[in-house]
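The same subunit A turns up in both complexes below, where it pairs with subunit B and then with subunit C.
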Partner chain A sequence: MNVNETMRFGIFKNNPMLVLFLGLTTGLAVTGSLSHALGTGVVLLVLLVVSGLVFGAVKPMLTKEFQLPFVLVLLALLVKLSELLVLAYFPALGAGIGLYLPLLLVNSVLVFAIGTFEEEAKISGILGNAVKAGLGYLLALALVALLREVVMSGGLLLTSPVSGETLAAIPIFPTKYALTILREPGGAFLSVALVAAVFQALGAREDRVETVEGGK
Partner chain B sequence: MENMIMLFLATILLNNVVFNDMASVGQILQFTKDRNTAVVTAVAAMIVMAVSTFAAYAVNALVLEPLGLEVLNLLVFILIMLVVTRFTVKGLREQVHVDGFLVKGDTPRRTYDALESKVALLSVNSGVLLVLLQTTRGNLGWIDAGVMALATPLALLLGFALLGSFRDRLAVSDVPAPFKGFPILLVAAALSYYVLTGFGGIL
Partner chain C sequence: MKNVNMKSLVALLVMVVLSGAVLIFADTQLSPIINENAIAQDRAQLVRIFPDADTFSAVDLPEDAGSLQRLFLAEGHGYIYFVENPGYAAPVGFIVGLDLEGNIVGYEVTELNDTEGIGTRIKDPGFVDSIVGRTSVDAFATIAGATVTSQAVTRGLEDVKAHYNAMMGIEDDGSAVVPEPDPDETPALRPIELGGAIPLERDVSASRMGEVVDVETDGNIVTYTVNAPGYAITDGGYEGAEPNVVKVVLDVEAQVILSVEILEVHDTPNIGDDILHPDFLGQFENLSYAQMDTQVDTISYATVSSTSVINAVLAAILAGN
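What follows is the complex of A and B.
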């Protein structure tokens, strides 16, 4: 989180959560269920696009010291709005995420990906970066939640964000072999560490392939 | 009185803001890279958290709730966090510039100035906002909120201290390549959580 460094987000390379380790609070807290993780990821993606559009349009008019306060006030309004909308139209999702929904306001993916600390002033650049960060974050949340939910409950349970009814139940292995330890916060840390390690290993292999090919 | 001590200890050990609520983990991982950054940001985060919890609870109880304006809570809280962080950064700068408070090294002044942009990021610390939301959401009285405002910064300090010292140890250990860097620290955080749950028996 070096503020002076330019930050480029990507979906696999420079994934905001699994490579850059931003937005860990949300990533750890909502990944207990795949349905909640997907819902949060989509809410964050929408927030990124809307706030990227507004901030991109206003940024050329702001001096540097006003950028962070402006972004935080803008995000406070948008996050509150999204909290109220989610609670009104997707009550099951809202109840599932709980306090971590208003907490999206201080999600560092949201604050960094719209270019709060960068020189970039073009709206297209800001929006492109924001969409990439949002998709990467959604993917990361989905992967961690998939691992956690399958291992801790022996299957997947997709619930409707509106009513909380079960949409699909996919049993994978008998529940008596499930590791319920992953349900707790400690399990969240472990799952994120495991998925991040897989990403790091794949990234290292890719780099090696690139250097070998570059050497030819 | 007994309840207050229980709440104080439980807030630090059981409902730890870092290991149980999983907030601030990202910032702690990023800020414990070297000693000066870790100490300065930990102290600044404690001050920001304590002061803004008091302030947010007071504003919520005295202004927002009587006027029925709870819908503005996020806006008010983030402004409080911004202002408190700004003043903390300034106050710390004066202390460091006068007598080298907290910062070790030959040029504490320059070291602190390089750190300042990071300390400013504490206005987007998820642990602080989580405590503000927790203290204002439930039916906590003034005394309980005060206890929370004093105990949660200590819980955050525990997180900084534990993860920071793990990092020191791990720097000289043989870590499997894919886990190098942050993943192994997250594993250490998971183990810390299980260790802290052990206090559940006595509290």
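What follows is the complex of A and C.
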């Protein structure tokens, strides 16, 4: 697997969080609640699309050594802007994610998925890769959060990102059987590992299918 | 420098300047909304502490702020702390307002699930007055009989004092002493629950009957001192338990109880000792016992202790007859 291949993101094969293990800090921190995980995933997806658009448009003007500094300034702007917007219009989500919202700045998915280190210069290519990475990351966050929240609390509690009010409370099994260890950091790692194993298997199958088709 | 691509450099510089401008603009537009969100859920309480303040803003607290949950600045008026500490049964939450000179101007309990009548005394006017009007260098007394709950408040107040004094540069030499409760001041009485009226004259087993230990006669007025076996003896089974001592004054001629007074009470604090309550004792005053079926109320949650007083009165009446 060469570098360029690794940077082609996907949903199962090369999922940014569960196969490449990028953006794990956020992935471990916000997956205690499905509502927060979905909110974070959507914020990151929007960030990827906007930064992919801007960087894709400007990239042809930049020499290689200027690309990383430009991306860092761009991401600093967009992440700070998204933090202000979330705190202003989705206060419950902002309070739930807390520090991990500004920390999205150092989320490596952002830096890699908009093609900072790649030769690819076409805006469509950059955008396509960014959207795939964003969707893959959103799915990964959602699945890990689903596993964690259900197992550690015996059900799901979906809250409004604006008011924090409960939108839906879905009890699945009695709370006395809940495994609260999944609330802890160790439980978060365990959950990521479990879901990652499933993704690795699915990605490997995709690989095999490709190999067989290529051999025809 | 000659290797530097000018187009790239300009693009980067434009990006930097543009970012700064956009963020400054966004910040001025959005920060009032963000601030309003931060105080939205607490606004009603903030206004109660500082009714004249127009602008409130959230102030960041340090990580190790202990029991301090949130802090707000009431522009030009003072600060409001939201505090939470473990109580007897559940967390005790309260807010404290201090003006800019360090005077405590407001105190309000926001969350309390401790025992009704005991822990809830931290809401009593007497306790509120022991906090409001003092300063950030004063010490605060707990409530005897409701120590755990009131300590949740006083420990929280210590955190408030420490943070406020550090923030305002006020020196607290720690010399303040905890005020002793004023012995002349009767504490604010909580209401008691009367219920289960029983007839004054009825059969009482020997073990529960009052025992007259002293009689003073002044014409028709006779004063009896009666030992009344209370909860501590009859039901509590405490080692070395002592009876409650009741003073009963009768007009034996008119067959009227003039007064009933509790000289000693040895039953459970905050439950049995509610027999001292004037609402309970008051019902005996000028009560005629000429009729056999005269009824008096017991205290619904302190039946044994209150019955012991009624039995003491009965013992005095029987002695008088």
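Some points to look at:
Methods note: the second predicted complex is superposed on the first by the 195 of 216 C-alpha atoms of A that agree within 3 Å, B and C clash if a C-alpha of one lies under 4 Å from a C-alpha of the other, contacts with A are read in each partner's own complex, and residues count from 1 in each chain.
The definition used in the following text is that a residue touches a chain if its C-beta (ideal position, glycine included) is under 8 Å from a C-beta of that chain, and two chains touch if they have at least 3 such contacts.
Source: prediction; values computed, not measured.
Residue contacts after overlaying the shared chain place A:V79 against subunit B, while subunit C stays out of touching range. In the superposition on chain A, A:P69 makes contact with both subunit B and subunit C.
In the superposed model, more residues of subunit A are touched by B than by the other of subunit B and subunit C.
Look at A:G187: by the touch rule set out above, it reaches subunit B but stays clear of subunit C.
Taken together, the two structures place residues 69, 73, 76-77, 80, 84 of subunit A in contact with subunit B in one case and with subunit C in the other. Note for the complex: subunit C touches subunit A at residues 5, 7-9, 11-12, 15-16, 18-19, 22-23, 26-27, 30-31, 33-34, 37-38, 40. By the touch criterion stated above, subunit A contacts subunit B in their complex at residues 1, 3-4, 21-25, 28-29, 68-69, 72-73, 75-77, 79-80, 83-84, 99, 102-103, 105-108, 111, 184-190, 192-194, 196-198, 200-201, 204.
On the side of subunit A, the complex with subunit C involves touching residues 58, 61-63, 65-66, 69-70, 73-74, 76-77, 80-81, 84-85, 87-89, 91. Of all residues in subunit B, those touching subunit A in their complex are 19-27, 29-31, 71-75, 77-79, 82, 117-118, 120-121, 123-126, 128-130, 133-134, 137, 176-184, 186-187, 189-191, 193-194, 197.
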